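Down below are the structures I want you to see.
One chain, chain A, links the two complexes that follow: it is found with chain B in the first and with chain C in the second.
Moving on, here comes the complex of A and B:
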């Protein structure tokens, strides 16, 4: 997946699942949209679907600390890279 | 003086009673139970049932009206208003299989924090070192609920200072939606008259009616198409309506029965 495709998938996820429409890429999701721990766990599940494999505990822990859309995009990129899927 | 004696007896049971009478069972459950988390929850239930039995015996002027339907709730996310520190203990005494969300700071207390995690209780904030407890609980919540467990939550987040329903935190409804669990809306009244916020002593001498009543059930089919924010507003309206009814009842009661 390209970075743009990841971004589009993430933004779509936020609209459909978290009812957050077009958040700024650097907005603090927790402070601005009340994106809480329960949402973060739901996000992990959706990211697992996106990358097509389960995340290990360390990766899940990392995800819980994410605050912005840009961080999520970078995080998903790193997951793809770790799974040897080429990101353009 | 009576309040002080009753309070001391109640807290003596809560602390020393736990250590002397219950902790051996918790230790046994820790080492030998095949379903440790559930066994702990049953023990918590027994412990709290005795706690309220003592309160009832020592404070007979407080009458208790517990809706039998509440005792039989299962496989549900239970949301309720929150008036007193007694409220969570009351739910634990009514539900054999129960989880709840506990303020994260309590998970930092040595031993007690570990026990909360063993009970399957969920930290309110999963950032930092609590994240693994939260992740484990959320990943198994659906199975836990479908096997008859309950998750009770006070979505106001904290006790209401004035009895009015505060803004609700949507977390409970997110979990219910995710697990496709019924949402049971429960109303608690007057526990704050027995154990007043900010006070150390139980208020044993007054005449009081403590009420725990299920006021509505929303099934997944009913709320599936509703957004989290709309669902939150719906539940807030249900609790708010009950609050208004209570005020009307109190006022009506006072018109005929109260003397200034």
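Moving on, here comes the complex of A and C:
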């Protein structure tokens, strides 16, 4: 997936699942949208679907520190890279 | 320290409506809330009973996302009635979050709809993994999901009691909440119960041959408490919540007092987990009267558990006769709503409050010919005007748990 495709998928995910419409890419999700640890776990599940494989524990731990949409996009990019899927 | 405990707010979602006016309309006009069983595409086609006490009207929820994400259908019901109770109570948010308000709220088994989603991955041929179980599935389905979601939504920081004792769930909630306030452990308690539509609940009773099956084509004619043609209970859905508070506090803040709780009892049959016990439920009634410090003659009206099972109604009538004789008027309110399981005690309490306020007793619906084994007590065979000064709500559950709540009209 391209970075733009990842961004689009993440924003769609936030709109459909978390009912957060067009958040700023650097907004602090916890502070501005009450995006809490339960949401983070749900997000991991959705990201697993997006990348098409389960995340290992180390990868899941990394996700818990994420605060912004930009960080999520970079995180997903890194997952694709780790799975040797080319990011344009 | 023993404090007087009063009810200052209530709200219900029932098969016969949500508002006081709707519910009273059904009771006065003898209109049933029992409808055909909804098809879940799973179990309904295998069941003998095809009737259900149904909430089939739309409810507009305005819960925010951060609350909805941990709520199964049962918590939607629970939080809605809790919201209405708190909104109508006049309590400030400062008090609600002070730790002086607790919650006693339960359901029969959490949210079976959410539990079904969890188990689906174990039996699905799809590519199920551990991650197929959602992060919030447990929070939606756990036994205390109603109480937990109420505390979250309204920032309630007092005690939490979440009984899950089948048909006595919410009468225990009210009773245990009453004791919390009575003995000064909390100044107020939000009490009640809820249960969502789920056919597994119906299947449990269907398997035990306890459900009504002869009226599948005419749902409004069943259940038939104490009637010679009764053939079993009708499962239903709904929710009820009431606010209990210390009498002195209620007076001081000028709250509307709907009634006073003057007695509560709870015991166990200590034996069979299904069959009701004449000795057990008689003792519950006796203990309730003792707790209320009143004689049997003081009770004007009894809301009987009266599920319409062949044995249960006979034993309940015998117990009422043994403890009360034929003085109080006995009404079976499940004839209107079906058996709303974990919420029945709260719903029947709220209906009793309406009856007290309006001064009437509805007839037991479908009681066309009284079973002679139940005929020794005074049945409500027609709607009647009645000044109810003291009433009782009694409920009995699988597991042998019995409860009796006693209410006094506020003068």
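Criterion: the second predicted complex is superposed on the first by the 88 of 88 C-alpha atoms of A that agree within 3 Å, B and C clash if a C-alpha of one lies under 4 Å from a C-alpha of the other, contacts with A are read in each partner's own complex, and residues count from 1 in each chain.
Keep in mind that, in the parts below, contacts are C-beta pairs under 8 Å (C-beta built on N, C-alpha and C of every residue); 3 or more make two chains touch, one makes a residue touch a chain.
As the structure is a computational prediction, the values presented were derived from the model and not from experiment.
Colleague: For A:34, using the defined touch cut-off, is the partner it touches chain B, chain C, both, or neither? Pick first, second, both or neither.
Modeller: In the superposed model, A:34 contacts both chain B and chain C.
Colleague: Report for A:80: first if it touches chain B alone, second if chain C alone, otherwise both or neither.
Modeller: In the superposition, A:80 touches no partner, neither chain B nor chain C.
Colleague: Applying the document's definition of touch, where does A:54 land relative to chain B and chain C: first, second, both, or neither?
Modeller: Second partner only.
Colleague: Mind working out whether A:64 is in touch with chain B, chain C, both or neither, as first, second, both or neither?
Modeller: In the superposition, A:64 touches chain B alone.
Colleague: For chain A, what residues appear in both contact lists, the one with chain B and the one with chain C?
Modeller: 19, 34, 36, 38-39, 41-42, 44
Colleague: Under the definition above, what is the set of chain A residues touching chain C in their complex?
Modeller: 18-20, 34, 36, 38-39, 41-42, 44-45, 48, 54
Colleague: For chain C, which residues count as touching chain A in their complex?
Modeller: Those in contact with chain A are residues 65-66, 69-70, 129-131, 134-136, 139.
Colleague: For the complex, give me every residue of chain A touching chain B.
Modeller: Interface residues on the chain A side: 19, 34, 36-42, 44, 57, 60-61, 64-65.
Colleague: Touching residues of chain B toward chain A in the complex: what are they?
Modeller: For chain B paired with chain A, touching residues are 124-127, 131-132, 134-135, 138-139, 169-171, 174-175, 178, 227-229.
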